[in-house]
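Pasting a structure here, questions to come.
Order as written gives the chain letters A, B, C, D, E and F; numbering starts at 1 within each chain.
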Amino acid sequence: MKLLILMASNPYSADFNTMVKFSEAAIKRKDEISIFLMANGVYCLNHDKMKELAEKGVKIYYCAHNAHQRKINPVDFAESSSMYGLSKLISQVDKVINLS
Amino acid sequence: MKLLILMASNPYSADFNTMVKFSEAAIKRKDEISIFLMANGVYCLNHDKMKELAEKGVKIYYCAHNAHQRKINPVDFAESSSMYGLSKLISQVDKVINLS
Amino acid sequence: MAKKKVVSIIKANPFGWKTFEALRQAVGMAMDHQVSVIFVRDGVFALTNWNPQMLGVPSFDKSIEALSMLGGKIIVEKECLGDRGITKLKDFGVEILIKDKEEICQIISQAEVVITW
Amino acid sequence: MAKKKVVSIIKANPFGWKTFEALRQAVGMAMDHQVSVIFVRDGVFALTNWNPQMLGVPSFDKSIEALSMLGGKIIVEKECLGDRGITKLKDFGVEILIKDKEEICQIISQAEVVITW
Amino acid sequence: MVDTVYLIKKPAEFPIADLISDNDVMILIQDAVLRQPSISNWYACKEDVIARGLKISENRLLDYEDILNLIEKANKVIVW
Amino acid sequence: MVDTVYLIKKPAEFPIADLISDNDVMILIQDAVLRQPSISNWYACKEDVIARGLKISENRLLDYEDILNLIEKANKVIVW
């Protein structure tokens, strides 16, 4: 299935572990998986695990506004997006798991 | 009095507002005030309000280990420290308010 | 692009950043989708008169207006208002629907995507 | 430098980063101060057998050992263990004091600095 | 046929009770596994249970792939 | 003489009841101001009450400087 995980929690939260574990299980199932980082979720961009997930085929998007606000530098493994970009993603996926 | 605020919450939390307001009131009261950032509290280093507080005379320390872990760059208005540095601070202050 | 029925349930109180982000998100989604934002539990305080600037958080008044303009629905649970003794809602200049628990369950069960805050 | 009576109260469950950071802090403080770490509420799960690596959090076993070596006391509330049906504590190779609510209140009231997690 | 999969994150944080129908499934994840619910139609995330050193009978446990299988077949998923 | 100043952050999150003595003061801050406690010796952070648009009688309200004055005179402060 096409799965979107919407992540609004920081990388030192229980949500982060849940996000990673669902992503890894989805990779095994050969799901098409995207993660959208917003609010404190953009702090995850600085966590090594995110890059690892991206290398395994997970598409990672983040809210550029929230990242700028938190002074987080762009990374090459994730795509800058917006709330409108999130809206487009929601059109395309089968299921949305939100962690906030 | 000599007041220490021990901050372990991120800058988008209710604790952040409480920390700022106590600091501003302490400045008015001419207290000698220190803030120690640890865990997710080190994310506060990237918030403009921290620099402002430092310029008003608040001494700001942070746990270098937690900052490195979260890939936060050093700033010139705060002093790199450790859990042992925190221990020394606790010796010197009259009261500790912990926000976590 | 599929237009979906999206419901955003806001149960956290508004005195932090969550509601602000939730509404910013709802506005973005309302450009493509049929969005309903439902305030429940302490989330209902979002529709009262309070002062975000005193807590260092931004006002979401503009998001409420934009959401309504884009055809999004703003719904609040009647029972949650009553439990908190809230008798008067703030006037945002937009329609706010007060619905009972049963109607809200109906809306949620018909949604295709549900996001909770 | 004044050596103080410091109490760290851990009420959050250990299945996140808080307890790890709290114990790292307690070790640092134990170099100068008389530190007691008191586990209450869901915090008492910290002293059971669980698997931090499965949750992506580091183990705090070494901090417990270091704390004890530095003369810090590790205390757990009896009633909180009972409420959660915990009958056996993990063996960290250090002394863990099981005290009742009243004794714990006594320790807290005698502290000069109290930090809660 | 599963209508809604509920992922419950906090102990005793259950959705509006009226919301749950017979076709829904509740799955406890994260700290929600610390307290067992009184309703009947629930499962728990196996890894979250084992990680916390808890004992819950095997037929209540689902691993992450099992949960995704259920989510795929359901109409939607709600995280509460 | 105040022994301990308790700063309470969450609604109904009160410390072990036995802990509070007659010489202690409880001050509600942050979201704790949303629910009024049943005990008698409590105050609330004025700015946190006004910010949330709540009504609590004036003699229960302390501003941040008042709270620091109390903390200075007390033996210690515990944030709960």
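Here, a contact is a pair of C-beta atoms (placed from the backbone, for glycine too) under 8 Å apart; a residue touches a chain by one contact, two chains touch by 3 or more.
Note that this is a predicted model, so its numbers are computed, not measured.
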Shared chain contacts [chain E and chain F, defined touch]: C, D
Message: Relative to chain C, which chain's C-alpha centre is the most remote?
response: D
Query: Once chain C is fitted to chain D on CA atoms, what angle does the rotation have, in steps of 5 degrees?
result: 180
Message: Given that chain A and chain B are copies and touch, would you call their interface same or different according to whether over half of its residue numbers are shared?
response: same
Statement: Contact tally winner between A-D and A-E is A-E
Task: Find the geometric centre of each of chain A and chain C from their Cα atoms only, then give the gap between the two centres in Å, rounded to an integer.
output: 24
Distance from the mean Cα position of chain F to that of chain C, given in whole angstrom: 31
Message: Can you work out the whole-Å distance between the CA centroids of chain A and chain B?
response: 30
Query: Using the touch rule from the top of the page, what residues of chain D touch 2 or more other chains?
result: 15, 17, 55, 113-114, 116
Query: chain E: which residues touch two or more other chains?
result: 30-31, 47, 76-77, 79
Message: By the touch rule stated above, which residues of chain B touch at least two different other chains?
response: 12, 14, 17, 39, 96, 98
Task: Mind listing each pair of touching chains for me?
output: A-B, A-C, A-D, A-E, B-C, B-D, B-F, C-E, C-F, D-E, D-F
- prompt: What residues of chain D sit close enough to touch chain F in their complex?
  reply: 40, 101-102, 104-105, 108-109, 111-114, 116
Message: For a test of understanding, state which residues of chain A touch chain E in their complex under the given definition.
response: 1, 3, 14-15, 17-18, 21-22, 24-26, 28-29, 31, 94-99
Message: Looking at the complex, which residues from chain B come into contact with chain C?
response: 12-14, 16-17, 20, 49
- request: Quick one: which bits of chain C touch chain A in the complex? Just the residue numbers, please.
  value: 1-4, 6, 17-18, 21, 24-25, 27-33, 113-117
Task: Using the touch definition up top, name the residues of chain E that touch chain A in the complex.
output: 7, 9, 29-31, 47, 63-65, 67-69, 71-72, 74, 76-77, 79
